[in-house]
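Note that the chains take the letters A, B and C in the order they are written out, and that residue 1 is the start of every chain.
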Amino acid sequence: MPAAPILPSVGRAENGEVPLPERLILSAADVQRALARIAHEIVERNRGVETLVLLGIRSRGAPLAQRLRAKLLDLEGVEVPLGELDITLYRDDLADRRLAGQIGPSLVPVSLSGRRVILVDDVVFTGRSVRAALDAIMDYGRPSSVQLAVLIDRGHRELPIRPDYVGKNVPTARDEDVRVRLAETDGADEVVISRSNDAIGGAT
Amino acid sequence: MIEKNLDILIRGGRVIDPARDVDSFADVWISGGRVHDVTPVRPAPDGRRGLVVLEADGLVVAPGLVDLHAHLRDPGQEEKETIATGTRAAVRGGFTSVCSMANTSPPVDNRAVVEYIQRTARVRGVARVFPLATVTVGMAGRHLVEMSDLAEAGAIAFSDDGRPVADGGIMRRALEYTRIVDRPIMCHEEDLTLSAAGVMNEGAVATRLGLKGWPGVAEEAMIARDLLLCEQTGGRMHLAHVTTARGVALIRWARDRGIRFTAETTPHHLTLTDEWVAGWRPQGQALPYDTATKVNPPLRSETDRLALVDAIRDGTLDLIGTDHAPHAETDKECEYDAAAFGISGFETALASLLGLVHSGEIDLSLLIQRMTIEPARAFGLESGTLAVGAVADVCVFDPEVRWTVDPLRFASKGKNTPLAGQTLRGRVVATLVDGVIAYLGEERATILSGEGAKT
Amino acid sequence: MNRKDILDLDDFAADEIEQVIATAEAMREVLSRPIRRVPPLRGKTVVNLFYEASTRTRISFELAAKNLSADVVNVSASGSSVEKGESLIDTIKTVQALGADIVVIRHSMSGAPYLVAQHLRGSVINAGDGWHAHPTQALLDLFTVRQRFGRLHGLNAVIVGDILHSRVARSNIWGLTKMGVRVTLCGPPTLLPDLGSNGHRAGLPPVEISYDLDQAVRKADIIMALRIQKERQEGGLLPSLREYVKLYQVNEERLTRARPDALIMHPGPMNEGIEISPEAARGVRSVIEEQVTNGVAVRMALLYLLAAERSYVRVAS
């Protein structure tokens, strides 16, 4: 893959923080291609889409899961059941919960028992979000398997969590921030990296 | 320790003596326990042996304050206050004469208790103490005490205060007896069937806080009864702690009719309202249900407060009594419904009332009049003036200095005041009783000079 | 939520109430799962300190705390040291020394929870104090109405019954008016409190008064019936229960004058046949059962919001 263009652009301010210089890792087109590839891999590994259910981890995992569902519909002509998980209640860190914003109801439209769950998130980092999501999933039933699809794997795992499908592996320093922006939530698709603004910096 | 009977010069202060219509800068000379002379201001004399000089430049020099209404709790409730601690608190507030209420344990319904109080006050008190006796035996409201015997023993007035005299017949007889005993009946006005278990003023605030109301009518209905009995009997009567606008209106009506009696209100009713129970404070919202605001009669509405200030101004209410009511911590540190009624008021009375002077609501001279000569006259006490030859009971205060109320530093055992943490403007600096310095504020130790003054 | 305690709704901002409602929605979803338990209060101790007997509220709080994985301890006034005369403050100090993170208190004297909050490092939730406040009840009532109508602003509510002695009424007056609901209080004059004049600095927010329930229900979207205690008849507050029923009972006949989609609410427990008829209580407009279910969700939301904002330092003994 050609090296990502280094654009010393100034990032958009989020949550009132002073914007720091950002570097683009994935462009809109890159994001689309990555999702298309992941969709193919899902179909291949699972030999079709029977018994699959997509669960996006709020907040950016949800639109990603929706897009995957659309691509699977294109590929297999089947609408895979789609849900959203709010994992705030399962986070293991008080600081995380405080930063998580308003908690909302999860939407799990079908029983998970006996199904193969595809958990979808934008970035996997320490693995704690995925751990929380797994706890939430178990409270809904006993799936036959859980697979993990992420757009970005930035390393620095603190738990034995391994994604099954990865859009892009991005080696990062601990004090860097990887931000995924999506058209549904932020107006445009892109993935950027910058120096972290604060020490806590959302462990995912 | 200032030795007794030393000559004292209070120099350069603003002397306000309403009894003689005096408000001017002067030097007050004290000798042998009496006011020796009041002269124009002069520099302090050099080398005058045995003279103690109190520098009163910027201060007000007034007659010692006279309180007709204070609960010293002694005998029987010494965990709340004793005659010693109560009088120490009184002089810190500028009071030189204190009339002690009779609802002690045992109540002051016989000679022995009157004499105990007088003895104890002589030995351990630092202010003059005039005991009241009860109206009925045991304050049970059924039988009159031996009024003549008690007056002879030294009782200055009669009151079941703490409780009303519910039986109109008993009140009538008591008033009739005052025509030979010549001591007033001090009336605590409360119709218990109307105040029934109320803990604060009935009204919008009580509704909001979900507390049972003690309506004004419970007080007013009984004021009406006793005003009419006073007219009927021609007896000597003093209405304790009047708190409502309608009560004031009744009093005006009675005075217009020519009925003769005296009436008082308290510093807290003149300055606070029922909103304080909801946590409202001039310096910022506090938690509601502060039991230090629980008092009987309760803090009333702003309309009532303004009517009381008006009445103090025009003389409808003759005087101000503190109703100093100290309590032990355990009596107040509980749910509002369960807390005891009362405010420990000696040490904040004058300072809080000076707020009314600063805001222009009343005149300083009038305020002093209502706290000195008027109470003295009402109960026939030889006090309340700085005339030459009068007893040297003096209150020296700074009308401007700001200070924050810290009840833990009170001399009173009662720390129960809603003014805790509030900043007041004006403070007593020195109090003399019988020509002796009974209290000297630490802040102004520098005002003392001259031989014989030991810091 | 930036507060240590939940004592009354009078100092809640509208957006805080919105936050509670949104969080309660999430909790309602948790209650609909096969496993109705989530971990955020794991390791926290919630003490239910009930000086007044109450089965439904206590159970509601207990379930709420357990659903959040907290440890729950129930202390009732009878049979404990409280009965032997231990003061409220001493009880609180003991409860604190035993590691309580949150104390839920119900007490017969108005203001008691404020005293507790001053002496407890942890959080205090008022589960009802005297006549003064029952904030969690009002919040679950607001949640119920919002769930049904999708909005609160602009609605009309009638609260009928013994308003004078009702903490539910007071808290609902605060909650409803803050969310833009017009409130009318209805009942016999002896049971309506002194509201003072409008604009009183420290009184209740402005509400309308009516002695005529037939009139008041006409434009009501919400009709909230309050419990009438038989003891009120003593002391002359009610001429008789029969008269009360005739003039103020919420029943099907009276409801024919009300809007067909008006909600019938009651905080419970009901005196069926007195303030509300059995038919009205079970009728199609009644949301009384939903109130109970929503109660657990709202209380979970409150426990969660209080615990999520504070980290506790437990002193090991």
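One rule holds for everything that comes next: a contact is a pair of C-beta atoms (placed from the backbone, for glycine too) under 8 Å apart; a residue touches a chain by one contact, two chains touch by 3 or more.
Quick caveat, the model's predicted, so the values are computed rather than measured.
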item	value
Farthest chain relative to chain A (centres taken as mean CA coordinates)	B
Central chain (distance from its CA mean to the mean of all protein CA atoms)	C
Most contacted chain pair (by C-beta pair count)	B-C
Centre-of-Cα separation between chain C and chain A, whole angstrom	41
Computed distance of Cα centres, chain C from chain B, in Å	45
For chain A paired with chain B, centre-to-centre distance based on mean C-alpha positions, whole Å	75
In the complex, chain B residues that touch chain C	202-211, 213, 274-275, 278, 280, 287-289, 330, 333-338
In the complex, chain C residues that touch chain B	10, 87-89, 107, 109-112, 114-115, 117-118, 129-133, 167, 170, 193-197, 200-204
Partner chain C, residues of chain A touching it in the complex	86, 88-91, 94, 97-98, 102-108, 135, 138-141
Residues of chain C touching chain A in the complex	19, 22-23, 25-26, 28-30, 33-35, 37-40, 304, 308-309, 311
